[in-house]
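You will see chain A twice below: alongside chain B first, and alongside chain C after that.
Moving on, here comes the complex of A and B:
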């Protein structure tokens, strides 16, 4: 376990995985890139996060207290809530190179999850294959997810306009004639 | 299979009869409340009469007027509450092995300092001959039912004290909550060697609590005890020194003391206490307490808002005003936080509980492990048949 571990895989397939967040209410942001240290290093993009009661038959109720008051006077709550996040796999690393396809094996359950470092994000998003993986997600609004991922990537490309132009062209190729989706994504990138 | 139509008719009958009882109880209650005020006005005489009486019931020992109440003291800003609970998988000779399992859970809740919460749950498997059978009073008996319950109680108590003392070292006030009575009346009538062995362990825990100044209380929700009502019944007796064995009113249609018979203390105290208030600390005449020494258990009733609960506490807590105030405030606060029942005890129960599916899994695990080792073992035909019914 390294210092910057943010979660642990608790459910996985070749396509996506679910992880339990180390800290309550602290999942990695929507549309950011993370990695799992499994047999290979597997890369993924976060498309969902939620916090719920650890026990299915115990529902959360409103206490009408501030977070600090709750921590002082109802400390058990924080032991009984868990934050989880879901991520779609966009590639993996093999023999020192990033492969932009699904890994041969899903991430192992109980593997640790880490945020991708800026350099890794840059490397992952210098090819646009990740957009296709994001297009396949059905459990989150695609326009939101793709726009968020592009914003994350753009930040690591130091605001290069050429990056935006190239990725825009790629989007047109992938999305085809779904003008609504395309304009929705572009609008969200600009915001 | 249960004939629900038949059950329904019997429930309806029960409800009608219950209604009649309720009317009668209201009258008894009114008399009891009246007697509380009467005896409070002349409480010294009442105490004398109680001390001279002889009854077969448990009669509360009284130190002050019965109507005396105590306001809710403020809870210390920072306090740690520790609770323990346990559950078991009972030994069954119909299963593959007659082993049993005890699961002991503790919770530590830190209040006011952001210290958070710690939960533990520790299973222990008992399978050796000396675990499954005890030899007391010259007899070999299987550890099940009460005996198993006693072992569980001791283990819970042990964990409770251990956690409380570990927490005490952090410097905050600590209060340890146990579910149910601290009076081990179930030991009465058991062989002396068994009684002594259990009590020694139990009192050793209380000793540690005393040394570390960690108050330990038993929290009894919906208590059925009648110690105080019984004291009022003694008060109703026209004799100067009531003696149950030589009662001149025995043949009466309704002996004087029977006028408030059947009432519980909790019904009485709903009428005497306001939310947050507690009664005086009463003494108990339970015979087993004669062996408790410095840990003799007393009790008070507390109005937690949703109900009257009975709080049991050792003498060294009840005679120390600071500790007494602490347990009063914590017991009330815990019930508020837990919406009627102490949050620490409720969470300890959640941690300890062994569900039906887990019990089945436990036996599956045993079967698998034994099979892997080539042992031939079998569930009894009776149990097997119960699992697989055919038509």
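Moving on, here comes the complex of A and C:
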């Protein structure tokens, strides 16, 4: 059984891609794991999402109506808006095994994007290599992104505290001397 | 790790170190720093050898000084857990003491432990020492040459002392007063007697070895009585006394009352007491003049002079009258000792030699006569003559080479040893000679003292095995470590001993320095020595009767 797609790749590179969301305002949550069915299954983590008008040089206009009123009175404006999201590639699947490095080819344009199933999230995050990919993201605050990803993973690991401690120790290796960054991430995990 | 670390609980890995300054181990994160105590044993599995080490220091370290500037507060539990073992970790300093080569193929340890000549490679795994390791190093009590004296601080494995090596040299038991010197000494003596390794002559100043003695409880109060050597070993031990009245009052059956005739006191004996008697050096010279004239009867002749005869007597021997008069006055003190007599009908020294020859151990009690003057006088006189006899016996043995002529190794126990062995006295008393010439004549010393720094350096350096309870004084600690190579790390260990039931063993009779909890001196110990009482005694007697006469 195949899940419903949540987006379609509209721009891609070896390390990240942009996808357009199927539903307006319904991008996958920040810091969650998604996959692209391309030649291989490519796994990625969402680090950014935004909604804007179709025409690049036009901003949307404020109507001072509630969402429902707008849908009743001006349904066409929703057709002029698009939600897009960006994700950083953290690995791919090849011959039934997850590889924690970049795929040989970027995801194809127009490939569909699906959310990762809980089991896949568990598998992806049982190794902590994804943290290193997240560290390389520059377009989003790293502490927020890593904390969000860890929270997602933590939920799938049944809230085992030892998982948090282990991943924290791994973070120290990756972050090195930046004690500030470490403590801000850990604080975000704890809340 | 592979097969070599099987079963051993991992403590950490070696990250740094040198042969001279010791090794540094990074503590594993799941091992608490608080579980690591100074003095405990660990084993390092090197590539080619296994190293036996002692923990000498524990330190908290961090990879990031920022953490120390802004430590996580109590609520940040996750932060603490994450930092623990990664950014912040424990470093343990280890002193490699012994190593054994591993068999290349099997990983077995075929060889005997020997002193370390190298250090293990980087990241060698460190594990807790186990019973087997301790036994391999300190021997097993099943072997008659080993005597179980205590346990390592955090293990229940016996640490044994090699009695064969122990008796080869003079040995020392040191410690501040109240730290269990007497118990350690009694324990060692019991071991020597039980294993029948040597005959003992114990100059028991405070009468606490032969018959029962009081035991101090941990809070300093008197707890009760413990058994003395005579009670434990019965006919193997004889109690001699110079104060029969005191023995009788204490209910002790003494085997012999020691009396010493004046003619056995030499000028040297008096000279070595010059401090106690407050003698001037010229007084000693005058004493020699009397000796020249009167020979062995010099002292009785001198003491028999009336004060008004002194001048004539002085002229007669050719000494200064004032000097003779002072000597006379001071030596008059000796007359009040009951055990000094003009004539005795049985020579104590021959009696002692007879007992020792039969393999019996002698405790010489001083009873009420426990002044230094008395103690030193008696110990000196007896030991000098016993030593002479031993020298003669040894010479005979060297001539005949007959095993039956071989003198039995004699260990003389002296307390307050610094009185005999301080740099001045050591040149005059016989004990200095014995300590220096070691086992050549089958006589060695067991020195019990609380002030080792007052003992002559030359003698301290000849002490084979040192059993040391807590010492605080820097000078004493330094003295105990005289002649021990690379001793600086032992200082810390020595100063951190508990004041009760803990001791540092080092020297000839143990392969490496070790801190022990001394064995309890209690009924369990008595029965380990073969002592039986109460119902067991009746049962033993019945079984002996049955063995002798058959079942009736």
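List of remarks:
The criterion applied here is as follows: the second predicted complex is superposed on the first by the 188 of 191 C-alpha atoms of A that agree within 3 Å, B and C clash if a C-alpha of one lies under 4 Å from a C-alpha of the other, contacts with A are read in each partner's own complex, and residues count from 1 in each chain.
In the analysis below, a contact is a pair of C-beta atoms (placed from the backbone, for glycine too) under 8 Å apart; a residue touches a chain by one contact, two chains touch by 3 or more.
All figures in this text were calculated on a predicted structure; none of them were measured in a lab.
When the two complexes are overlaid on chain A, chain B and chain C sit side by side with no clash. When the shared chain is aligned, no partner comes close enough to touch A:149: not chain B, not chain C. Once chain A of one complex is fitted onto chain A of the other, the partner contacts of A:75 are limited to chain B, with no touch recorded for chain C. Of the two partner chains placed by the overlay, only chain C lies in contact with A:164; chain B stays clear of it. When the two structures are aligned on the shared chain, A:137 is found in touch with neither chain B nor chain C. Using the contact criterion defined above for the overlaid structures, shared-chain residue A:177 touches chain C, although it does not reach chain B. Between chain B and chain C, more residues of chain A are touched by C. Once the two complexes are overlaid on the shared chain, A:190 sits against chain C while remaining clear of chain B.
No C-alpha atom of chain B lies closer than 49 Å to any C-alpha atom of chain C in the overlay.
Remark: chain B residues 107, 109-119, 337, 343, 347, 350 touch chain A in the complex. Residues 29, 64, 66-67, 70, 72, 76, 78-79, 81-83, 85-87 of chain C are the ones that touch chain A when the two sit in their complex. Taken together, the chain A residues at the contact with chain C in this complex read 164-165, 168-169, 171-173, 177, 179-180, 182-183, 186-187, 189-190. Every residue of chain A that touches chain B in the complex is listed here, in rising order: 55, 68, 71-76, 78-79.
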